[in-house]
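Dropping the structure in here first, questions after.
Per-chain residue numbering starts at 1, and chain names A, B, C, D, E and F are given in the order in which the chains are listed.
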Amino acid sequence: MIIRRVKTGVPGMDEILYGGIPERNVVLLSGGPGTGKSIFSQQFLWYGLQQGEPGIYVALEEHPVQIKRNMIQFGWDVRPYEKKGMFAIVDAFTGGIGETAKREKYVVRDPTDVGLLVDVIKEAIRDTGAKRAAIDSVSTLYLTKPVIARSVVMQLKRVLSGLGLTSILVSQVSAQERGFGGPGVEHAADGIIRLDLDEYDGELYRSLIVWKMRGTKHSMRRHPFDITDHGLIVYYNKVLRVRGGRAFIEQLPEKVVEEMEKAAQKVEDVYEEAE
Amino acid sequence: MIIRRVKTGVPGMDEILYGGIPERNVVLLSGGPGTGKSIFSQQFLWYGLQQGEPGIYVALEEHPVQIKRNMIQFGWDVRPYEKKGMFAIVDAFTGGIGETAKREKYVVRDPTDVGLLVDVIKEAIRDTGAKRAAIDSVSTLYLTKPVIARSVVMQLKRVLSGLGLTSILVSQVSAQERGFGGPGVEHAADGIIRLDLDEYDGELYRSLIVWKMRGTKHSMRRHPFDITDHGLIVYYNKVLRVRGGRAFIEQLPEKVVEEMEKAAQKVEDVYEEAE
Amino acid sequence: MIIRRVKTGVPGMDEILYGGIPERNVVLLSGGPGTGKSIFSQQFLWYGLQQGEPGIYVALEEHPVQIKRNMIQFGWDVRPYEKKGMFAIVDAFTGGIGETAKREKYVVRDPTDVGLLVDVIKEAIRDTGAKRAAIDSVSTLYLTKPVIARSVVMQLKRVLSGLGLTSILVSQVSAQERGFGGPGVEHAADGIIRLDLDEYDGELYRSLIVWKMRGTKHSMRRHPFDITDHGLIVYYNKVLRVRGGRAFIEQLPEKVVEEMEKAAQKVEDVYEEAE
Amino acid sequence: MIIRRVKTGVPGMDEILYGGIPERNVVLLSGGPGTGKSIFSQQFLWYGLQQGEPGIYVALEEHPVQIKRNMIQFGWDVRPYEKKGMFAIVDAFTGGIGETAKREKYVVRDPTDVGLLVDVIKEAIRDTGAKRAAIDSVSTLYLTKPVIARSVVMQLKRVLSGLGLTSILVSQVSAQERGFGGPGVEHAADGIIRLDLDEYDGELYRSLIVWKMRGTKHSMRRHPFDITDHGLIVYYNKVLRVRGGRAFIEQLPEKVVEEMEKAAQKVEDVYEEAE
Amino acid sequence: MIIRRVKTGVPGMDEILYGGIPERNVVLLSGGPGTGKSIFSQQFLWYGLQQGEPGIYVALEEHPVQIKRNMIQFGWDVRPYEKKGMFAIVDAFTGGIGETAKREKYVVRDPTDVGLLVDVIKEAIRDTGAKRAAIDSVSTLYLTKPVIARSVVMQLKRVLSGLGLTSILVSQVSAQERGFGGPGVEHAADGIIRLDLDEYDGELYRSLIVWKMRGTKHSMRRHPFDITDHGLIVYYNKVLRVRGGRAFIEQLPEKVVEEMEKAAQKVEDVYEEAE
Amino acid sequence: MIIRRVKTGVPGMDEILYGGIPERNVVLLSGGPGTGKSIFSQQFLWYGLQQGEPGIYVALEEHPVQIKRNMIQFGWDVRPYEKKGMFAIVDAFTGGIGETAKREKYVVRDPTDVGLLVDVIKEAIRDTGAKRAAIDSVSTLYLTKPVIARSVVMQLKRVLSGLGLTSILVSQVSAQERGFGGPGVEHAADGIIRLDLDEYDGELYRSLIVWKMRGTKHSMRRHPFDITDHGLIVYYNKVLRVRGGRAFIEQLPEKVVEEMEKAAQKVEDVYEEAE
């Protein structure tokens, strides 16, 4: 059995994941407002496009036009790829209302109908041959009905993983809330990456931690990161520690850093099977 | 792609925002009672008027007459601008009842009807050519129905941002509550500015922090501010730190201050696009 | 525009308010059981009577007869003023049942009917020419229906402020609870004064803090106060600080004290208007 | 106006109350399980009987026969007083079911019917000429319907205070819970005495604190107490302080102790009235 | 009036209770999972059987066959006593379904019917002449309907105490939860014994504390205990203290220990009555 | 009475359990996301297969095909055992939908129907002669209906324990939540093993603690563990302690370690019975 590693394209992140996200994993990207979840998932898709891997972005929070504008601000102009049929935005935001919306190809008329959403996603995957997907955000799908959260995530997981995609589900949590989006969601995901924005001693600090990732060893540390004009940069060689209400950023030992750098080269895992 | 910076007009605030609010952003201005949210948003509109930019104020908490009286106390007499058609108060407070209310032009008969509210707002924007808006407060719209919060904010965002305005949505939270107004609201906004009033060691301290602001770098620090007879003054060159239950106000390094002062001059951002 | 200052008559309080409560303000007086809220509001009315200013007391917690008895214990016998038509108790307690209740003039048959309550209050204001009002307590009006809290306070605010009165709304919170009575109420009030009774190191301490007061600068400190045989005395020249679970009462610097003493003389504010 | 002091008969307690409970006050006696609330209220009634003051005990938690047995264990045999018509137990426990219950005179058939309860209480007061009452516990009356708590307490207060009795309402709170029984109840009472049983450093400590008492000055300190074979003894000359998770019992200064001892002699207060 | 002491038979426990549980007391035995509640109550019944006192075990959590097996693991084979008619298990677990269940004599067909349960308990008491009872657990009876908790406990108390039994009601609380099972239950019991299992510094510690016990003085300390192959052993001569997140077990002073040892001999209390 | 010990096969775990899980015990394996619950339960079943003990895996969270894939990644290829009829996956995930699902033998059409689930489990046990079972996860069965949690666990316990199996019920709790899955579930289980993943000082630590295990002595300490390419390894000779927000891993004394190592050899317990 061979499992390929999907490179995130976020500088420093593949080191933290010891080679990237194992193929077909559904990763919950959880964080409060302003933590950079959308940027991370756009960067993941953009990197795929640069490597020739098609991708889809399921927009539940923002107008497709605005998403493309936001990406341009980071230097990621997806429109040429869209034209080539390598990229598609599934519009689960406008409900098909408005001038620009009418020009969109993958429109979910009623985003509260998860079955319908799944059908449009399938269509977009088939058309583009997508290998990567980002859903921004899954929380929107069950914000007012938390009781269906697990079932929604399960349905998405079945289609995305089933069709061979590696995907990121953005999970919005309240600022200061420590969980990842509720028990039904946290346990259903193959991986959890948590983005944090916290105030210590009058200053805001960005950091992330990989809480779980099925099928790979990963860094067990909290790493600082920045949001730059060209997207996120994760400092895989640094750790953020909090002591007495103050934050400290420390350099990791050379040996640890080297191990991550070496592991980041990994492209696949081979598992022996009986027979 | 060019995105203009909208100056807040609050002394010190544009330094903190490295040039002002990116145009079309919908900013959540969140804080407890007595933190200065209304004053901030009135100051934002007043500054626009001084610069020749029309604006509208959506009044959900206070009688339009009282709002104008409050503004006069800070030296901001909007009535001449109202007469010139550069400024309008959308009255979603009186329901059209009362003598003075009858003289108001933009009256929302039933403020619980968000569709109706949006229509009146659109009309006021069209008439005034508004470039700035303040809604005081959005919380009122979903205080008794938190389940509709995200949808209300989304509807407002679509019309305000869609019509090219830069806007401030006042979000009321309880004293001592640390969030910004709930997950649906926090994630929907393009920016979050948090105003705080906290007691440390028997004294009240005012401070603000920019939690997120799409499309711009911003200060990642908690800055002290004052409410004076002429509105808010933010100390962009100072940071408020809390240690052992006591607050300390420290001067920031000269280099950091200079960087903010220089950035405050910024008037627009230009992004390259493919093609 | 001229706004008069209404003296509270509570020794030390007008210093803290830099001259008294700005006229027409609706002030939330919030505190747990035993903090002195009723006494404060009765003292406020009594002082008005001594200055020739009529007032009304809206009784929701206590029998009108008992309220007058309680006031006598502090040396405040309102009965002569009642006879002169300068003072009235609006009885929203007895529902008109009982011998003494039958003799009351301003009886609210059904206190759960806010519209009815407002009508009786209006009548009492008209008859007495009241300039001051105290409602003890507003919490009772929405204790079992928190969802209507904001709307109740809004209705009261409209009539009290609209008719030119300066008023105190008593807000009951649970002991140890830190808020002021819920978001809908806290943000609707023009001012918030919080009375506290806290145990530190085996002893009970009384203190108050002005959290907000529209239209005036005020002390930003926590001041200790006492309840004496003649009502409250606030130590505007002292601050209560808590460190390591113990309370300390410190003298404020002479300069700060003098500023408050000077400001306490203020009788009105004049604001310039355009035109 | 003359207000008599009602002696509690609990050694040390009248010192803490600077002379006893002001007549007609309705006192909330609040505490967790095992804190001694029932014993305190029985001791209060027993002392009255020794002074020739009739009293009633409203039993909601325990069989009247068991209550008399419990009292005998402290040396308080109320049966002779019952025969003389000076003491009565209002049985709101058995519902009139059982052999011994049939012999009870004041039986409340349906304790969930507060109106009925009040009627039986009135009858018992009339027959005995009671000056003291204890209701053990009021919490039972609204345990499953917290929304009616305030209204229940109000009804009891009206009849007890109205008929001239001084009374104790036992309020059961959960162990570790810090409040007194909810906002509706806490604010309705004329006084609050809190009994505590807390674990510090592996040992249980008993202490009480008077949180409020209308019409009298009272100790503002937390006093240790014991439950002995003859009831409670309160150490009015000692204070319980907690520092770093450990409890310390300290002697109060002689001056403070003397003031309380002197005040404990007080038998009534006289208030001057206008006219 | 004479009240006999019922020995628990748990080594060290009668010392802590200064002679044992006063006869007819209904004792709440409260604790989280794995704290030893069932073992304690089985040991209490087994000891009774050794002294010639019949007893009943009301099984709500476990199959009667399994309960007997569990007891054998501690060396307590109740089957001979069952045959002699001195011991009975009231089966409120199986609902009478299954082969072995059909052989049970005291089966409660519908355990949600508390009236039915009480009838079967009465029958078992009558047949065996039981002096001791254990109900494992009462929590099960109101797990899904907390609102009936107090009423359930009251019904059980009436029949158990009324028929002269001394009984233990097992109360299940969540791990880490500090209460004893809710206000209705805590106040209804004559005694509360709390069993704890807590982690300090990476190790689990067992301890118990007697929170209240009507009719007797008891240790006011937290004592460590062990669960051995022969049941619980309580270290009445030791106290468990927690400081800075670490647990310490300290020896008690000789005098204190001797007092408990002497008191443990007590067999009854005699109270004088008037007449 | 003889009770056999069932070896977990997780290196270090049988030392911690002083010989393994007592036969027929139903063990709750509780933990947050990413703690290794599924791996632990798969390792438990795989070890059984190596020892010639058949087993079943009840899949509620993951597709049977995916589960087998996941197990191969640890070197556990169950397919040959499946063919031999020694292993079966009960598919309570797909609802029988999909190509591969049609080939599954033990399919639960409606996983919300617990009666149906129990029937299929019984059939799989009968066919395979299973001695071990893992249910991953029970939480799924009552995620949206917590009120039925205890009843679900009771039904499973009856059939699994009744048919002689030793089983692991995976209980999903939220990250940071400290309990084990709610009172109804925690008390119903014969054993509780808690897996933890916690952040201390910027690093993630894995540890487990056995909270209870009916019928055996067990380590009362928190042990660190790792998840390796070949499953879990528990460091029974080490303890994880947390002091001042930092984690420390300490070696246990030689004597303690030797006792566990010796106990790990235990294969059964023999209990004497009367008669």
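By definition in this document, a contact is a pair of C-beta atoms (placed from the backbone, for glycine too) under 8 Å apart; a residue touches a chain by one contact, two chains touch by 3 or more.
On a predicted model such as this, the values are computed, not experimentally measured, just so you know.
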item: Co-neighbours of chain E and chain D - touch as defined; value: none
item: Intersection of contact partners for chain A and chain F; value: none
item: Size of the rotation, in steps of 5 degrees, that lays the CA trace of chain B over chain F; value: 120
item: Inter-centroid spacing, chain E versus chain A (mean Cα positions, whole Å); value: 54
item: Chain C and chain D: spacing of chain centres that average the CA atoms, whole Å; value: 31
item: Centre distance in Å when chain B and chain E are each reduced to the mean of their C-alpha atoms; value: 62
item: Chain D residues counted as touching two or more neighbouring chains; value: none
item: Pairwise touch network: line, ring, star, complete, or other; value: ring
item: Chains listed in ring sequence, where chain C comes first and chain D follows it; value: C, D, E, F, A, B
item: Chain D - residues contacting chain E, complex; value: 32-34, 61, 63, 66, 69-70, 72-73, 75, 77, 79-80, 137, 139-140, 143-144, 172-176, 197, 199, 201-205, 245
item: Touching residues (chain side chain F, partner chain E) in the complex; value: 1, 3, 147, 150, 158, 161, 178-180, 182-184, 186-189, 192, 209, 211-212, 214-215, 220-222, 239-243, 250, 269, 271-275
